[in-house]
Structures are given as structure tokens and as C-alpha cells.
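Below: a set of structures, written as C-alpha cells.
Presented sequentially are two complexes of chain A, the first with chain B as partner and the second with chain C.
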Partner chain A sequence: MSETSLHFVEVVITNKKGVKDPEGDTIHKHLILRKGYAEVLGVRTGKYILFSVNARSAEEAVKKVKEICEKLRIYNPIIHDIEVRISA
Partner chain B sequence: MYKDFSLNDWDALIIPGGFSYGDWLRAGAIAARTQAIEKLKDAKDMHIPILGICNGFQILVEGELLPGALLPNENSKFVCRWIKTYVEKPRGPWLSLVEEKQEIDMPVAHAEGRYYVDEETYRSSLLKSPIVRYAPGHNPNGSIYDIAGVGSEDGLILGLMPHPERSSEDILAPRGFRANGKILFESLAHSLKKGW
Partner chain C sequence: MPLTSEEVKEIRKILGREPTTEELAMFEAQWSEHCSYKSSKLLLKFLPTKGKHVIIGPGRDAPAVKVFKDWIVVFKIESHNHPSAVDPYNGAATGIGGIVRDILSLGAKPVALLDMLYMGNTRNPHANWLIRGIVKGISDYGNRIGIPTVAGDTWFDEVFNVQPLVNVACVGIAKSNDIILSSPQPGDLIILMGNATGRDGLLGSSFASKPLSEDVDKDIGAVQVGDPLTEKLLIDAIQILVAKKAVRYIKDLGGGGLTTALCETAADHGLGAVINLEKLHTRQHLTPLEILVSESQERMLIVVDESKLELVDEVLSKLDVQYSVIGYFTNDGLIKIFYNGAKVAEVPSKELAKPRPIRRASIPPLEALKGLKPFYQLPPEPDYREAIIKLISSPNIASKRWIYEQYDHEVGVRTVVKPGFGDAAVLRFLDNSLRGIAVKGDANPRYTALDPFNGAANAVGECFRNLVAVGSKPIAIVDELNAGNPEKPDHFWYFEMMLKGVAWMAEELRVPVVGGKVSFYNEDHMGRQIKPTTTIVGVGRVEDVSRVMTMEFKEHSSLVAIVGVTYPELGGSEYLYRVFGLEEGEIPKPRPASELRNAKFIRRVIRLGYAKAVHDISLGGLAIALIEMAVAGRIGVEVDISKVYTRGVQRLDEVIFSETQARYVVEIDSRYVDDFKHLAERMGVNISIIGRVADSNQIVFSFGPNNLVNLDLFTVVDIYNSILEKEVEGEV
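Then we have the complex of A and B:
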């Protein structure tokens, strides 16, 4: 049996394209553009969740977190996109 | 005790408003994964009428018993005021006494009530189902298509953000509004006796 070790897995949840993000729009329009950063074309906000997982490999940890996100609906697939990645 | 909750004891189920699990993650998301709420899928199969009000509506969409999702209000604020709505395609036990386009005035009190549904689901399924819409100028949260509430196609399951139970006594309605939300409960009483 192979040993398990601790892996840190990051989940980033953002509103899908087409779902309005009033917080991102406000940061963009009323802060960033107003202060002259015209090269910033858009801002989207989201939610960040860090999982500490015991697993045999990084791949296994990511797979487990993906399963949790789907089964327990950590994100809402109707409105959200997620990115699941190993913490660098 | 919520753990002893048995579907056989009930003719109809109402999930009221309030807050569950501090609204963490998303309003209703954690409650939707509890033992009692997971039983609602069986209730649906048994054709038991289910009504979700406010947080109850959020729980029903998070539990995938109704389509769509409820997002934070467009202005990011908690909104608490009376609004006017009207009903389209009333049917099923909760709306059996309601007429097409009938206006119902009710208060809303929520921070996450901005309904969202993708256009395809809206056209293919919602347009065949009962819909409660905010009257023009009364959309308090930026909901798409002015949607305040939606039902299953047969109307057995209904969810809405406004509070019909707080619109059942004339003394509670401010000037310019009618306390006529009681009709949902009168419809249910009627339907349980006479069918729908």
C-alpha cells in the first residue's frame, strides 16, 4: 500500500460568461477605469476555496475534490464555472 | 424532530423563509443536502404538493427540484419591501383559485433573489410552467425575465421569493397594496378537498 500525504487543492468558482457579475463590473467601472487603467478590459470576481486533502498523489487529490464539487454541488453548474488545481 | 420527518405524515409541504446554515456557500446550498430535503425528491414522486418561500425557494432550486438559480441581488443589498406580481399559467394545488394574469401583492425580504435561467431552459420548459412575475417597475433584484417564482410543469412544486404568508391580513399591507397572498393557501385547502 502506498503512503498518503497532504495535498492542497484550490477551487476557483466564477460566474459563467453571460451571468452578470455586478461586483466585478463595479470594481472595473468605478475603480480601475476611473483611475485610468484603460488597458483593463474586464473584471470578474469569484470565490476561492482551499481543500487540504490526504491522498496518494496530487492527481488523486484533484480527482477527489472534483468529485466533491460535482456531487455536493460546491459550485452551481447552472451559473458557475470552476477550476480545480493543485496549489503551487 | 427533523430527523423523524416522514413523508407519509403530510398532505403538503411548505419550506418557509428564513436563513439556513448562515447562507454560507450559497443561500440554500447546504440545506439542500440535508436528510429532510433529500426526501423531497421522493415527495415529488409521490405527487405531494411542495411550496418553497424565499429561503425555501432557494433550497428547492439548489436541490434541483425547480430549474434555474438564485444569485445575489443586482445591487448587492438586502431588499425588504412590498412589490406587485402577476401569475401566468396558474395550475396545480397552489394556484388552483388563481386566474391567468391575476395580480398578487406581497413583500420581499432577501439578499439572494436574482433569478437566473439560461434561455434554452426558459423557452423549452419554463414557458410551459406556472410563472410568477414582478409587475413592470417592481423587479427588486435584477431577476431575468422579471421572474419572482416558478413552478413545475404540473404546478405541484412551486417556489417564489415574495412572501404570500405575510400578505394575508389587510392590516399588514401598506397603502397602494392589497394583502391577497392568502390565495395560495386557500388554493391548497380547496385543492386538497376537491383536487386540482
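Then we have the complex of A and C:
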């Protein structure tokens, strides 16, 4: 058995591009535009989760986290986009 | 559900030419089952909808009943079954949003929400995910718009694993002279206010009017995301506009989007309209077709006399609510849609709004025989202690605190009776009087699946009893009929029977059905229908909230009585299912005459102060009713089952677990026992005094001298209160 080591895996969950994001819209409209930052054309929000995973490789850690997110329904594939990446 | 070729032919006939793509989309949205009720319309005429309290019956976004001379209650039920199956969080949340806007459309102030949830087995991973999402979606949305969720009903059953039923209701109140009863006039401006229209929820109603496809991912367009902040602004804006008498008419944009809101408003008042779509505020660039059928949430249509436009602008701008003046009403009956000057649709409003009703084939399946089977041979009697433990561990019976503790049930300090303590929720008007209303929602999917007519009638009966048990007078009900595929005769039969059951029982109990909703196509991708379910929400009048009756036992030495006759009615009972796994047999018969007589008695007993606690007997029978009263009061009880007034009973389980209708348990103040008995005699009501509230922590059932079951109260409390959370969290 090869050695395992600790990997940090980041998950970012956002509403799919075509799906509304009321929280982002609210921040944009009621905070940013109100304070005069007209150059900001849009805001999207999401959820960030950091996993600390023992795995043999970074790829394996990412694979594991992807599986967890699918299986435990940490996101809803029907409305969410998910990005799973190794923390830099 | 796309239009059929006959429907397209009919559209050609109506228009006298080939329809444009925009016109086809409008017809598809409006002629969907969800918007047009085409399969149910003929049968809905069975429902008794009139009564002296009814101000507005079915037909508008929400009905209105006069509960007191100066107070009107507006309430309505809605289903969000299909959206919740795909995206439980947003599906359930937007269900709340929609029902609240229905209440706003009459200018009423929404004061309470109810949620009736029929969901899958907690231990099935997919169902479990749906359950959590649905409950969270409702609580987040409800809490954020500041409307308490005060009551509801919950059921867990494998049959809802993939397709849950999410029925939500909202109750609003209005002063008699504030309610909006005026009609739109030709020349009035049409304003769309609230969220910018986007591509979300395109043809969502059409999506709800077909079975779940296996690959739900393709239905992404139909998903809607709730935006409670905008909803709250809409609520506030409407209150102000109504108070300032600035609007003539209000309509929610729900299923069918702009198309439905426009054509129904126009058709109901014999009007037409001219609309310029490019005037509408949108989130992204949309085609005219997309604008017409988008179901973006948190939008409302208001109709304003031109002279009031300035006032409306002032109110909406101050609250930062976006709006667009998109057109005006005409008197030619034609809806004319323009986009940048080019006409994209011209449709007669009446023909668009109301497709020809369809009389669907209706045939009982063989399976329906299950509900006719008498129990000539029951399984051997179980160990009663074990059977009772199994029943209180049933998530259908156990405390729903895991759910209601996620809800804010006290915002607005209107709530008089808290969840878990009364058969119905009681709310006060907060007008320096003691007047209030009681509300409750009920269903029993097992009953309606076995015997849709009697099962639906029993749902009306149970709602009626729950309202009576808190001391209120039932005024009116609304119904939600959740059924399978109307194109399948063996599914449609259940719908037809449920509807007739509601109609019959409501007529007998003299509570008009003032509104409701039909949800079809509740089947999984294999074409199996869910258990057809009739959900009833009722409103009762409370003269004095300080004398409202709760269900917890209050004082040792009080006597315990059962009101009503107990029959051996175990068919379809929770007992047979939990203990023996049986779901069959004749379900308890609806008993409208007994319901009326016993209800009158109960209300009088409460008014005269004889009763200290009242609880209706339903799921789990007498045993569970007594245990729930003991658990809520944290006090023991001792009863002798041999004293229960029964007819035709041969075994003990037929007494303690029978779900015979029209029965109540009453805790009688020991000072008034004789008065109680005399009153019962005078009113011809069957009562039996079966025991007393005990100065102990024991729940004791005996039969004459023989001890049957002895339960430690706090063991029972622990199971009753914790089992649902354990089931959902997977700790069982």
C-alpha cells in the first residue's frame, strides 16, 4: 500500500448559469449599485466547502470528494454547477 | 404537456388561421391541466360552494369568507408537487411564495401558513433528501417573509419516495371594507410589478401537467428559485397600495405566467387587452414567446386607473419594487400582443382562458376491491404494549417537532395555540378584541388510496373535528386533490371518487368548499400513481381566544370520557399497517350526522366550562389519542377499556385502535361530571366515562380488573418526541 497524505479539496457550488441567484441579485442591486459602483455589472453567490482528505494522490482526493458530493446530495445536479479542485 | 393534434385543430378554428408560434405557446401554457382544469372542471361543479359566509367562492385567485361582521378571511391551498420532486428546496419555497401572492390578490394581509406534506420513507436516501429539502425550503422562505407556519399535516410512505406531495396553504385577513372586489375597466393600465422576468420556469405548468420523466435533468427550464426578499417587498407594497385605494384589481403571476394572468383577468370581465412586451423589465434578453410563458417567481399584475399611476409610482419607487406599465385593457375581448410594434399574437381572451372541458373515462381498477374487504379474519391479537410502542414510533403519529421547530410559528404574536398542543392552530385578529380564527389541514393518503370516496369524506370530517376540538365553529374549507394521470381511466376514477366524497361530506356538514386546487400526473416514471390524496384545509370562527380548548391533560382527578360510538373499524388503520403490515379493508365510514351532533355537544361542553381538554380521535385510535393528551400534559392517565361504548366489537384491538370517525376524548372538570352526563343525555350523544387523569407518571389501560398495558409516561414522551428526528437523521 502506498502512503497517503493530506489533501485540501475545495468545492464551490453555484446556481447554474441560467438559474436565478436572488442573493447575488440582492447584493448587486441593494448594496453595490446603491453605493455607486456602477462598473459592477453582476454578482453571483455560491457555497464554498473545504475538505481535508487523506488520500494517495490529489486526483484520488478530488474523485472522493466528487463522489461524496454526488452521493450525499451536497448539491442538486439539476440546479447547481459544482467545481471541485485542489486547494492551491 | 404539448398540445394534442385535436387541440391544435381547435385553435385553428378559434383563430380562423394558422396560429403563430407565440400563440401556440400561449395556448399550451393556458390549456395545460394545471391552469385550465380541463379534465376536472365538469366534476368540480359537484362541490357545494355557497353559504351565508361566502363573499367570493371558487374562480378567483383565492376565495374569501366573512368570519365576523367586520373581518374577512381569505385562504387557499396550492400544490407544488412536481417542482418539489426535482428541486425540493426551491420547489417547496416557491410553493409558499405562490400561495401567499394568491392571498395578496384580494388585498388581504397574509398571517399564517400551513404545510401538508406527504413524503417518502425517511430511510430511503432519495426520499430523505427530498424531505430535508422540502422542510428547509418552506422554513427558510416562510421565516424570511415573516409569516408563521402554524399548522400542518405530515405523512411518510414509500409511495411518495420519488413524487412527494407538497400542499401549502396561506390564510390572510382583511377588514370588510378593505378587500378588493372591484373589476378592471377598459382603458385601465396593466402593470407588472416585482421580479424581472427571466428564462426560469419556462412552461412550468405544462411541466407539472405531465408525468415525471426519467431524465428530469432535461426539465431544467422549469426550475424556479425562490426570492423571499422580493416577496416581502410585494407583500408590503400591496398592503400600501390597497390602503391608498390605488389599485382596481390584482392578480398573481403563477402557473402559465403572463399569459394566464392576462387572459383570465380579461376573460373573467369580458375584456380584451393590448400589450407591448418590450416595455417589460426583464433579466436578460428574451424572445416574445419566452416573456409570454416565463414563470419567473415573485411577480404580480396590478390593474390601475390612469389617474392613479403617479400614486402607484410613488409607492413602488419608495419600496424599490420594479414595475413596468405593459399595456391596457380594451372592450373588444381580444388579447393583442405586440413586440417592438409588430403584432405577435391576437387571441380571443375567453377561448384562450377556458378550453372546452373534457369528460375523462373513469373506471375502477381491480385494486379498488381492497377497500371493500371486510375483516372476517384478523391476525392474532398482538402484545398490546409492543403494539402501542410501534404506533407511537410511527413517524405518521410521533411528534412533528423536528419539522415545526424549524419554522417560526410565532412571528406576529397572533398564535394562541402552539403546535403540538391543539388539534388546530388558533390565531387572534389583534384588534383589541378576543376574536380569532382556527385553521387546520388534514389528509390520510391510505384512506383515499383504499376508498377514495369515503377517504376524502373522512378528510373533511377530520378537519371539521379538529376545528371543533379547539372550540371553533367551522366556516368553510378548501380542498387539494392530488391524483394520478387523468388520461388513465383507472387513475381518473380515484380523482372522481375523491371529489364526490368531498362534495358529499361538505354538503352534509354544511361547510362550503370555497376554493381548491387539482394536481394531476402525480406518478413516477414507471407510470405508477402515488396514493391519491385529498387534503382539506378548514377555517373556524373563534369568539373568544381566551377560552380556546387545548388537548393536553391538565389536572389529576379529572375524569376522562370518550364521546361517540366505537365500531370495529380497523381497515386502513395505522395499527394494521404498523403492526401487521396490512393496508387493506373497509376504512372507517364517514358519519356526518354523528359529526354534527357530537360537534355541537363538544362546542357546548367547551363553552360551559365542563371540559379541560379535548382531542379528536383519528390516526391510531383511542389509544393514541389518550397517549397524545398525556404526553402533551406530562401527566398520567388510567382508563378501563371495558367501559368504552362500542357496537359489534369482538376484540380489544377493535376498541383501542379503531379509527371510527366522529369521536373525541374529553377531560372533564371533576366538578361538572353530572352536568356533562346530563347534557349528553339531553342532546342524544353517546358518551362513556372511561377513567381519570392520574396523579402518577403511568399510562394504564385495563380491561375490568385485568391490567392490559402499563407504560412509563416519560419513556413514551421520549419516544414520541424524538423518533422523527432520529428517523430523518438516520439514527434508528
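Rule of thumb we're sticking to: the second predicted complex is superposed on the first by the 88 of 88 C-alpha atoms of A that agree within 3 Å, B and C clash if a C-alpha of one lies under 4 Å from a C-alpha of the other, contacts with A are read in each partner's own complex, and residues count from 1 in each chain.
The definition used in the following text is that a residue touches a chain if its C-beta (ideal position, glycine included) is under 8 Å from a C-beta of that chain, and two chains touch if they have at least 3 such contacts.
Quick caveat: nothing in here was measured; it's all calculated off a predicted structure.
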Inset, instruction - Figure out whether A:Val19 sits in contact with chain B (first) or chain C (second), or with both, or with neither. - result: both
Inset, instruction - Quick one: classify A:His30 as touching chain B (first), chain C (second), both or neither. - result: second
Inset, instruction - Give one of first, second, both or neither to describe whether A:Asn76 is in contact with chain B, with chain C, with both, or with none. - result: both
Inset, instruction - Report for A:Ser52: first if it touches chain B alone, second if chain C alone, otherwise both or neither. - result: neither
Inset, instruction - Give one of first, second, both or neither to describe whether A:Ser87 is in contact with chain B, with chain C, with both, or with none. - result: neither
Inset, instruction - Mind sorting out which residues of chain A both chain B and chain C touch, each in its own complex? - result: 15, 18-20, 22, 73, 76, 78-79
Inset, instruction - Could you please specify the touching residues of chain A with respect to chain C in the complex? - result: 15-16, 18-22, 25-26, 30, 73, 76-79
Inset, instruction - Would you pull the chain B residues touching chain A in the complex into a rising list? - result: 25-26, 29, 32-33, 62, 68-69, 71-72, 74-76, 116-118, 142
Inset, instruction - Name, in rising order, each residue of chain A that touches chain B in their complex. - result: 15, 18-20, 22-23, 72-74, 76, 78-79
Legend entry - Of chain C, residues touching chain A in the complex: 86-87, 89-90, 125, 129, 133, 198-200, 216-217, 219-221, 223-230, 283, 296, 320
